[in-house]
Each structure stands twice: as C-alpha cells, then as structure tokens.
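Shared between the two complexes below is chain A, which has chain B as its partner in the first and chain C in the second.
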Partner chain A sequence: MTRTSSEAQSGRTPPSRADRRQTRRLRRFDSPWMNPKLFWGLGLLLGIVAIGLLGRLFWNLDLVFTGSNTLKLPPVGFENLRRQEGTWINPLGTDGSGRDMLALIIMGAPNSLFVGLLASLIGMTTGIVLGFTAGFVGGRVDDTIRVLSDVMITIPPLLILVVFQSAFGDVSLTMMALLIAGFVWQSPTRLIRAQVLSMKRSGYVQMAQLSGASVPHIMFREMMPNLVPYLFGSFIASVTTAIVTAVGLEVLGLGPQRIPTLGRTIYEAINAGALIQNLWWWWGLPTLLLGVMFIGLLLINLGLDEVSNPRLRKLS
Partner chain B sequence: MFKHLITGTATLALMTGTALAQDVAREDTVIFDLDRTITDPTNFNWLTDGTGVRRMHGGHQVMWEPLFILDYNTGELDPWLAIGFEGNDDSSAFTISLRDGVEWSDGEAFNADDVVFSINLALENEEITAREASAIRSQVASVEKVDDLTVSVTLQAPNPRFMVENFGIRIFGSYLIMPEHIWAGQDAATFTFPEPIGTGPYTFTSAATNRAIWDRNDDWWGAKTGFMDLPEPQRVIFLETGGEESRAQLIAGNDLDAAQNVSVGTFEAVRAQNAAVIAWYEDYPYAAADPCARQLEINTTVAPWDDPAMRRAVAHIIDRSQIVNVAYEGTTEPSRTMFAQYGAMQPFIQAAIAAGGELPMTADVDAAQALIEGAGWTRDGDYYTKDGETLSVEIHVNSASTEYTRTIDVVVEQLQRAGIDARSVPVENGVFWGEVLPFGAYEMSYSWLSCGSVNEPWASMGRYTVKDVVPVGERSPGFNNTARWDGAAAEAYSAAVDEMASLPLGDPQIVDLVGQAYGHLAEEMPFIPLVQAAKLIPFNTTYWEGWPTNDNYYNHPFFWWNTGHQIVHGLTKVE
Partner chain C sequence: MPVIPAAYLKNRLITLVLTVLIAATLIWIIPRLSPVDPAEIALGRMASGAGTVANSDEILAQLRASMGIDGPLIWQYLSYIGNVLRFDFGLSTASFPTPVSSLIAAALPWTLGLMILSLVITFLIGNLLGALMVWDRSPKLVRVAIPAAMVFTSIPPILSGLLLMWVFAAKLRWFPLTGAYGLTVEPGWSLDFILSVLHHGFLPALSIVIVTFGFWALGMRGLMITVQGEDYVKLAEAKGLRPRYVLYRYMIRNAILPQITAFALKIGLLVAGQVLVERIFAYNGMGKLLYDAILNQDFPVIQGVSFVIILMTAISVFLVDLLYPFIDPRIRHDSA
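For the complex of A and B:
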C-alpha cells in the first residue's frame, strides 16, 4: 500500500510537495502582476536609477569633466600599462582625458535611460492617438495614417538620424529623444489600429456608440483600458529600441558632446585606442551597464507578456 | 566621425584591391596611413581642392615632384626638379634653372613650357582654390620662358622668400607643375585630370575612397640620368585607417608601415606588442616638433567676439599647461607666442615677448572676468548674461583626430568654468576645411592657420593682414586671415608686416618690425595661440628601414607632405 493511498484513507491529507507547488503557482496566478521576471527587470532598472540618484548625493560630479583627474588610472586593485595603481579617489578609474569613470556612470547611465523613456513616451503617445483614430474613425483618415506609418516604417532610422545629427552638430538629450521619437511611433500605430479594428465590433463599444458617447470617450475610456497590458509591453519594447538607437548614434560620435552618456564614452574609448592600451574599464564599464539595462528591459518585457497572455504563464 | 566602421573593412578592401591589380609581395610594398577619406578618388585636380586630399594620398609624395625641398635640419633648399635659382637685387624677379633630362611618365620632356604654363594657370584662373595657387596669384606679376631649361618670374612686389614659400615645401605642399601637353585647352576649374601623370618614380594604379595605389615606374628619368637610384619599394599604398585604435592595431600587426599621429599611451602599447615600431625619438616624448602651432581662431565679425576685450578675456581663461597635460599627455609645450618654437625663431619670439605678446602658461580667470564684466556682462548663476542673453560660444573642431577634439574639450571645460557656455561642434574633415574655415562659418574654431614661419617671421605674420579680409560667406584667399581681422589696429599691424615682407632675410630691421606689429596683435587677439604641436608618428621597421628620425635626420617625418619623396627614396628593404 502506498503512502498516498493511506493518507487518502485517513481523510485529512497534508499537501504533498507537488500540491504545495501547485497551490503556490495558482496563488501566483491570482495576481498576474506578481511576476518574478517583472520584479527582476524592474529591480535592475531601478538599480541603475538608484546609482544615478545616490551618486548625485554622495559623489563629486565635477569629476566628470575633462581634465579633472589624472589620466588613464585603473580601478582600485588593478594596474595600468604604466604600472600606476588604482586609488580610492577614482575607485572605478579614469578615462583618457581624466574623467572619473564612477562620475561618468552616475551621470551617463540615467541619461541613456532618460533618452529611451522620453523618446518612447512621445512615440507611444503619438502611436496611441494615431492608432485609435485610424482604427476607430476609418475612411480617409485611416488611409492617410496607414500610408504614412507604412512609409515611415520602411525608412531605416539610423541612416536618417546620422544625417540629422551631423547637420545639427551638438544636440541636447531632449533633442535627441525627440528625433528618435520620430521613428518609434509607427509600429504602435499599426498594431493599435489592428486591435481597435477588432474591438470596434464588440458589444460594449456598439452599446456605447448607441448611447451617444463621444468618440474620444469611447476610444480612451471604453477601449483603452482593455489594451493596457498590451500597451505596457509595447512601451517597453519601444524604450529598448529607442535606447539602442540612441546608443548607436552615440557610439558613432553623434549626440550630445559635453553631457556624459554611455554610448559616447564607448565612442571615445574606441577613438582613443583604449583597446590596444588595455584600458578595459574605459569601454568595459559602460558596456556592462548597457548590458544590465537591456537585460532589465528584456525581463520586464517577458514579464509583461506573461501578465497579458495567461497561456505563457502555464509554461513557466 | 564614423570612420571606425569603415576601418574594419579597410584591410579587406585593401586586400581585394591588391588582388585585382598585379600582385606585389607585401615586403615590396610600403603602406602609408591616410587620415582622411578620398572624397573624389577619380579627381586629380589638386588646384581646386582646399582639403589637400587630392595630393596627400600619394599624389605629391610619389607622382608630382617639387622644384626644391627645404631641409628643416640645415635650412637649405635642396634642388629637385630645378637645379638652382637667382633673384635680382631687390628680390622682385627670379630666374629658375630646371634640371636637364626630366621626363613625364608618358615620355614627354619636362621643361620651361610646363613651368610657365602651370604658373599661368594660377594667374589666369580665379576659381582655383588651393592655397598655393592663391599665393602665386597674389605674388606673381608675370612669367616668361627664357630657354627650355630657364624660367624668369617677375613679382608684383619684392619678396625674398618667394622661392622657399612657393616652390620649396616650407609647409605641407609646394606649387606643383602640371604637364602642359595634357592640361592645355582644359578649363582648370573643372578639369579632373582623369589619367594623372607626373615626373615622379611611381605611376597611378588605382584609387577608391579609402586607398590609393601607386606602382614603380622602372623607366623613371631620375635613374636614367643618374639623379637618384630607383626607390626600393615596388608599390606604395596610402590607406585610410580611421581612428587611433585601428591605425595602432594595423601597425602593431605589420599591416601598416607608417601611421599618422597617435597618443603616447597608444604608441607605448604598440611598442609593447611590436618592438619594430619606432618614432622620431627613441624615448619619451618620442614626438617630433610640428611647425604648425595650434590656435583658437576667432571670427572677429561675430558679436560679442568682435570686441577685442572679450577675445583677450578668452585668452586669459585658457590654461595652456592643462592642454599640454590632458590633450598631449605632456609631449609638447605651451606656446609662448604665435610662432613655432624652433631655434631659428628665437629672436622673433623674444621681440614678440618684448612687445608684450607673451602668453601665460596658466590661466588668470580673475583678469578674464574683469574684462567680461567691463564689457557689460553680469554673472547669473553658471554663466554670464547681458540683456537676457547668455554668453555662449560654439567652437568648431575637425573630428579627424583625438588631438584636436580633446584640446577643444579642455578649452570648453575651462570656458565653462569661467562662466561662458562653450560647446564643441565636431565636424567632418572635408566640411571643416571646405566650408567652415574658409567661409568664416564659425564663432571660434580650432586651427593652425598662423602656420608658416620656421626660420623667419613673415610667413606666419603675413597671413593676418587686412588685404586678405573678405566678408563672411566669401572664401578667404589661401586660408589667410580667416579671422577677418580688420580695423585700425589691424591696419597698423599690416603696414608693419608689409614692410617686413620686402626686407631681405636676416635684415636686423625685421626684429624691430616684429615687435611693432606684435603689439597690435597681442592687443586685439584675432586668434589665440594655444600650444606647440608635436607629432608622434610611428614607423614600422619590419619590412622597411631608413625612416626619418632624430638620429637619421635627412628631413622631418611628415610623410603626408610633398617631402614624402625623400622618405620613399630613403627606404631600404629589410633582408
């Protein structure tokens, strides 16, 4: 006689390990937002924001400017090619023009995130307005918006942005975000339009129309709440795209000149021969942070996917 | 700007290029670094190119030969296509004697007709823009053939430096002689010289935007007449390597024989990997002194920089020793005056200092702020403001080298701290030399346009006289006075400099005139001298020996100059 059947006979069975896991999993399903991927992703991004905030409180940010420290110092515990040892004055070392790496990271990492968030906020807002309008209003308006976004989606953004930025010379972070925003609204527009088209036929929308609700009311008060998880996912995806684009431009030496960004630090490292001089902290630290940022965004995206799509949750 | 993308493919493209042409072994090929893109590889009309790239991709190092070469070591003019010259008593006319037996690579004889024709090209075509052509146009009255090997040139005004300035490669280039039998009947402003020929020991094989290939002409006139032996390399390649990282990797991996300027750190790293790489000096600071001292060029027509007091304020803010330490890692020295600090320049440097023209090594921000406040600006938070306007400046800088951008980064930082909202605007090499500088499309920019003097003061000082002032939007003749410095002080300065021009070299009066003129210059500061330039040029001795160094000083190591001929001839194959 197996243990299970004897326990079954006794009537009050303590839950087996498998059962407990099952219950835990079910409990987790009760609140789809309690998603570990989401937590980890948010944690990583908040960590970067925290570096930015705490660093501003506890570190001397004037060290970020050209010529404020000894050149090419390694991080604490390492030695550079000239046999100089790292010091606690510049715990993460300095770059080729004497900028403190720690200060660069404190200033630069939130900057990259800021460009991504701002660009995709603008891009998504445009996408939501245009997508809803196209899907809901239809007709000529739909044709115009659809053709516009279809045309824009075929244009490689980096190419255009490189030309733009070379023409502008030095641009501010906000300006860069605005330029990038011009290239992240198309896909949300198309996808939202498709969703709206299918939703338009559903009962509650038709009911709202019959009861005389205004078009903006139906679009944003009735339909949009149903799209929230989806919009979040789309938002995160476009933050990623915007950061990749921004970093791409910075690594080409475009973008802001004096405001530190991770991409520009990498550009300067490559341009000044950091690889051959074995100044790994110069290009390595910003690369590492960008890696963390992208992993964070990816995890959030995966987490949101699971939130909005219950079928994915069962797989975990 | 995005050159490092190109770089990855540079070696690949080079290999393909070589494979297409006739095969020459690596050990018979010498590969030079090119620090800019050959924007129009099929155009060999160097006369209409302000950026120099239609010459420095090999054109004037291996194909077009100069009449003379100035030896920086001895100060002598060594004869090349010419054998000598003679000036009249007041240096207002010169007779040039050409070498016998010189041939163009297509077999035609090189003679006085070519020289007369070429000088007339500059005199008759206002549209051609090369600096050397502008110089000829502003100096020569007429040119005549005396016989097949003699040319006589009459000048508009006496100029004892005429030969060294125009035909001796004092800086970078000389006025190159073009073959009359090809150029005759062509419009010099539009002709592209599609099948270029010269008198040099190499002929053009192929070019793309990132490289130019030249192959040895074993029928070269110089070897036939006994002027010189054929150079040893069978093939010469000029390859655009991109940034410092890629040129360092290429030379460390023996894929490059001579690289453009690198920083000390990079050079030491290359040396650690490849002991065959050498530079001018065996030890620190390795670098050779460059005759073009660096400066901050100011557009004196743009407010508030049209006020000399504001320009002097900027001069006070600049900390030259920090530029030396950060941008040059200590390999050069701060400029004391506008002049290159060569031995022969010392009397003129002293005269300039006596006239109050000495620049401080470090900053005097208080003096600067007093000047700015005197001009009506008040400090409001980080920056000065006046009538609601922030005191700001954009500094244009050529993005081709970290030496340039980093210097301006340091200057920007110093200005920011003193209360001026300065920003650096890096622009691509062609745009910088083609659009920004000559047309005055800038507030301030990083340049070395007072460059010229190596043994006498006029060559540099003569570049800022009022006769070269043109309005913004028009091309400055020969990149002279791009600051557009005008007014009473500029006129007084020009009068003294013009007087200097007519005096024979070595006249003691020149020193007095330098002092006289320099007082006005120091008062008005149309440009602010920054630091002396030093070039750390790595040469690779794996395949080739005989590179110019301090111990083997046949001439300076600037292989992108017209003097590159000497370097190619000086190379010997490592067995």
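For the complex of A and C:
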C-alpha cells in the first residue's frame, strides 16, 4: 500500500535524481519487512542452525558417545565439586556419563528446530487446505471441519502424545514431528476459515468471481497474498507449540531415545540430580539454547505482528 | 439477566461431549495399535519379582480380562467408555491393587490448587501491567521495563522452573528443591502444614507466573489501546475525575472482558506446562503421577491421568464459553 501511494506521488511531478535516490532510500527503510525484531529473531534462529552446521564440520562428534570423556567436567574456566578444571578437550564440559556437552549441543540443538519446523509445515499445509475448503464449500463440510477443529484445539497435544509414545516406546525424530503435526493444524484452520469467509464478501473477490475467474485463481492470486502475514504469524506460533510439546515429551523421558536432543539432556540431568551437584552446565546449556530458540521465535512473531498491523508499529 | 440461547448451548455441549469422546477414543485406540502388550509387561514384572511364574498362560488371560483387553473389540470399547464415564480406569499395574481413580483423587487437589493459585496471580499481574503499558500516566520505568520482561513470556515454564530451582533452591537454599510439603510435617489442617505447603508451592507457582503473565499483558495492551480512544474515557477525563479512578473504573473494567475468552484458548497449553513443572519439582500432583507412571510403564495410570486432564480442560473451556455472556452483557449469542 505504501508503495502504490509513493509511486502515485512521484508520478505527478517528475523528480530529480537526488529526490529519487532519497525516496528509494526512504522506501527501503520504510519497508515493513525491515523490522529489527524480525531481524534479531531470525538471527538467533540462524545462529542455532549455524551451531549445528559448523559444529558438524569442525568438531569431533564421536565425543557424543557415552563414556568417551571424563565424567562431569566443567566448562573451561570453571571448577567442579571435585576440583577438576575444565579443559579445552571439552570446552563446554561433559555430562554425567562422559558425553561432551559441545558435541551434544551440536547434535541436539538443530533437532528441536527440525521437529518444530516439520510439524508446523505439515500442520500449516493441512490448515490451509481445510480452512479454504471450509470457507469455500460451506454447508456440511464447513460444519464438520469447524467442529473438529474446535474439538481438537481443546485437547492438549502433550497428553495424547504421552499415551502414544508410552505405548509405542522409541520413536524417530520424524515420527515425533508427524505426531505433533496432528495437533497444530487447528488454529491455522480456524484462522484461515475466518479470513476466507470475510474476504469472500469483499469487493475484490466478488469482482473476480463476476469476471469469471477460476476458483484456484481466486484462492491463490486474490486471497492468498492478503493472508501471508497471518500465515507467517500462525506458522511461527505453531513452531513454538511444536517445540514446546517435543521438549515436554523429552523431559518426561519419552521422544527419541537414541539421538541426543536438548529435552532429553535436561531429563537426564534432572534424574541424575545435576541441580544439587551443581553441574549447572549439564542442564543449563540446553536450557539456555532452548531459551534462545523461544526468544527468537517470539521476536519473529512480534516483528510479524508489526508488519501486518501498522498501528503497533507506530506505538513502539 | 442475559439468557443463553438454546442453539448456542447445544453447540457448546456438542463440542464438549465430542471433545471428551474423541479424547477417550484416542486414548483407547492408540495402545491397541502398538505391538507392546501391557499384560505381558505386568507378567514380566511378576516374573522378575518372583523368579518364575507358574501357569503363566492362565495369569496372562486373567490380566487381559482385568485390563479389559479380551473379547471382541467393539465390546471392549463400549465397556471402556462406560468405565471411563464412571471414572473407573482399572487398577494401577505398578502399585498393583490400588485403583487408578484413587491415585488420581489424591493427586488432583495439588494440581488444582497450584493451577488456580498461579492463574489468579498471573491474571492480576498480567492485566495490571498490560494496562500500565498503555496508560499515559504510568512511570517511564514501567513502560521500558515491561516490554523487556516480555521476553520471558516465550519460554515454557519448565525452563524458568529449572532456573528458579537452581538459584533459589539449590544455590541460595531459600526454598526446598522438591516435593509439595516437608517430610517432617503431618498432612492436615495445621499451621505448620499449611506453611510448609506454601513454602514448597512458591517456586512452582512462580515459575508458571513469570512466563505466563506476559500473555495477559500483551492482550491487555491491545485492548487498552482501543479503550483509550473511546469517548467515555475522554468524557471521564474532561469531568476531572482522578486519573487513577478513570484507569480502574473506566478503562480496565471495559478492556478486561475479552481477556477472559482468550483464557479458554490457552488452557490446554497452561495445563501441559504445569504437568511438566510438577514433574521437575517432583510436586505431588498429576504431573508427577504421570511421570512415575511413564517410568513404570503403568498404562492404566497414564491413560487415566491423560483423560482426567483433558476432561478438566474441556470442562473449563465449556464453562468459560457459557459464563462469558453473564460477565459481558454486550455479547449476544445470535449466531455463535
């Protein structure tokens, strides 16, 4: 919207070269997508991905095996209760069974993000399909989808998944993401259905219908662009829900048993009494990383809010 | 007095019944899809206790019958639904002849107490801070500090719980590390016991409060912005009413109502978060019961706890939906 108005203005009076450069610069900074919160949030998440990627290149991941190092070593510059000092062999210390914390984090941190992204990608796709179907088809189909999403939004995913995983035992990371995806499609479905219903009555959609545009055209060319900020916001919200659920399962001792995850590391640390033994790096580092992840997601969400809602932008 | 239209009531009731039914069905179907046989696990536990088990086939059949996993599936399902509606989840396999329902009945008050306490505190603090963020007379510090504190709101309570535990229980030793009351006090309505419960409950409650108040504050901020521009607020100010009076009586009172519906959508996440907080604090509630059951592969308890928590969630959502028109008479349920 800002772009069209500024173009209309510049179209009226032929601007000088300096003027044009000025408007271009203003426009660049005025772009709602150049939002500091969005920027920082993405930065934090990319940082975690970078730890995972660079770590795999530059760090010896065999250190992640049980008993491959001295037990309960502190990070470099600290001392544990047995007066052992941290060494550069294990710069972030080791856990209670001698696994290198750095290697654990390199392997584990991207896993949580992966579960979150995969689960909400699937949930989102389902939500878009169901939401559009409900909004467009209406009638019985709409009723069914609406009631089903109302029902499923009430059921806390953690508890059904606890039943599932305790019955099935070990699950893979992908399987866990698929299971969580079964619980993050509801809010996108509701959101999109509501938006589609209100857009259906709007002038431009009716115009398109009158001019004989096909249903896919209306969906993807007329409606979809208006939904983009909502979709992104909803996507980030479901990534957060998915990661919270995954970490919850891991902390309860469920989830993947054979690959390192941040939640499972916390689970083992609590069970081994790491809090009393002052082994803060054992539970603290995964907690810190998860915290960074959630703060990153929150910042992205706040940023997206400001992108889609200009009133908030002025406020802060 | 507003009247709830029959159509709306019917709609909400159907949702409630469907929610409970679908949850119960999922809890029933999922273990049956799994290759793991709970009767064999129970038998294995016996065998490891006694060394050998004579006439194991008979015992296995008995165990299957007691767990409701014999006979035709449809019959199993119907009797299961019947049992669940009477809160009969069978016997715990880990602590054998104890009925699951009595284990849950012992844990439930702790969970409900912690939940209601932390919820009330969060609601009050969150909404007040959210309102102060918008109010043009609040001190500058408040306006800067609250958005900064908002960062914590994205963190699940389990992480804040760990941090608080470490700082206040393990390091400073101001609060006990685990449990819901001290080992030396006798449960009962004595002052010692109540103090001990409060002492033990402080950290779990705080770890929920500091990560959830921001949700209310953010919502309240948005609502206050709309209320701020209303004519009646301008009029109240023009009349020369005290600003504080305008804030509480005119702005917050009108802005707070939609917050109550927001609550309905958030209940599920709050409950799940609290289950995990109880697990790390080894607090005597449903979370600890669930965690112990997972450790012992005690399927009847896992199913019972999951069902009861889902039921609680569904009923609270239902109640919030029904109570809302009484709280806010502006809402009409014409075409809900």
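Everything below uses one rule, namely that the second predicted complex is superposed on the first by the 287 of 316 C-alpha atoms of A that agree within 3 Å, B and C clash if a C-alpha of one lies under 4 Å from a C-alpha of the other, contacts with A are read in each partner's own complex, and residues count from 1 in each chain.
One rule holds in what follows: a contact is a pair of C-beta atoms (placed from the backbone, for glycine too) under 8 Å apart; a residue touches a chain by one contact, two chains touch by 3 or more.
Please read all numbers here as calculations on a predicted model, not as lab measurements.
When the two complexes are overlaid on chain A, chain B and chain C occupy overlapping space and clash.
When the shared chain is aligned, chain B and chain C each come close enough to touch A:S166. With both structures placed on the common chain, the touch criterion links A:S97 to chain B but leaves chain C unconnected.
Of the two partner chains, chain B is the only one touched by A:A272; chain C is not.
By the document's definition of touching, of the two partners only chain C reaches A:F294; chain B does not.
In the superposed pair of complexes, A:T154 makes contact with chain C only, with no contact to chain B.
When the two complexes are superposed, the chain touching more residues of chain A, out of chain B and chain C, is C. By the touch criterion defined above, A:Q257 lies against chain B but remains apart from chain C after alignment on the C-alpha atoms of chain A.
Using the contact criterion defined above for the overlaid structures, shared-chain residue A:I192 touches neither chain B nor chain C, since it reaches no partner. In the superposed model, A:V307 lies in contact with neither chain B nor chain C. In the superposition on chain A, A:L71 contacts chain B only, with no contact to chain C. Residues 162, 166, 169, 252-254, 270, 275-276, 278 of chain A contact both chain B in one complex and chain C in the other.
Remark: chain A residues 65-67, 71-72, 81-82, 96-98, 162, 166, 169-170, 252-254, 257-258, 268, 270-279 touch chain B in the complex. Chain B contributes residues 1-2, 4-5, 243-245, 248-249, 252, 262-263, 265-266, 268-270, 272-273, 322, 325-327, 329, 394, 399, 402, 406, 409-410, 412-413, 416, 423-428 to its touches with chain A in the complex. Residues of chain A that touch chain C in their complex: 147, 150-160, 162-164, 166-169, 240-241, 244-245, 247-248, 251-254, 266, 270, 275-276, 278, 280, 283-284, 287, 290-291, 294-295, 297-298, 311, 315-316.
Every residue of chain C that touches chain A in the complex is listed here, in rising order: 14-15, 18-19, 22-23, 26-27, 30-31, 33-34, 36, 147, 150-151, 153-156, 158-159, 162-163, 165-166, 169-170, 177, 225, 265, 267-269, 271-273, 275-276, 279-280, 290-291, 293-295, 297, 299, 302-303, 305-306, 309-310, 313-314, 317.
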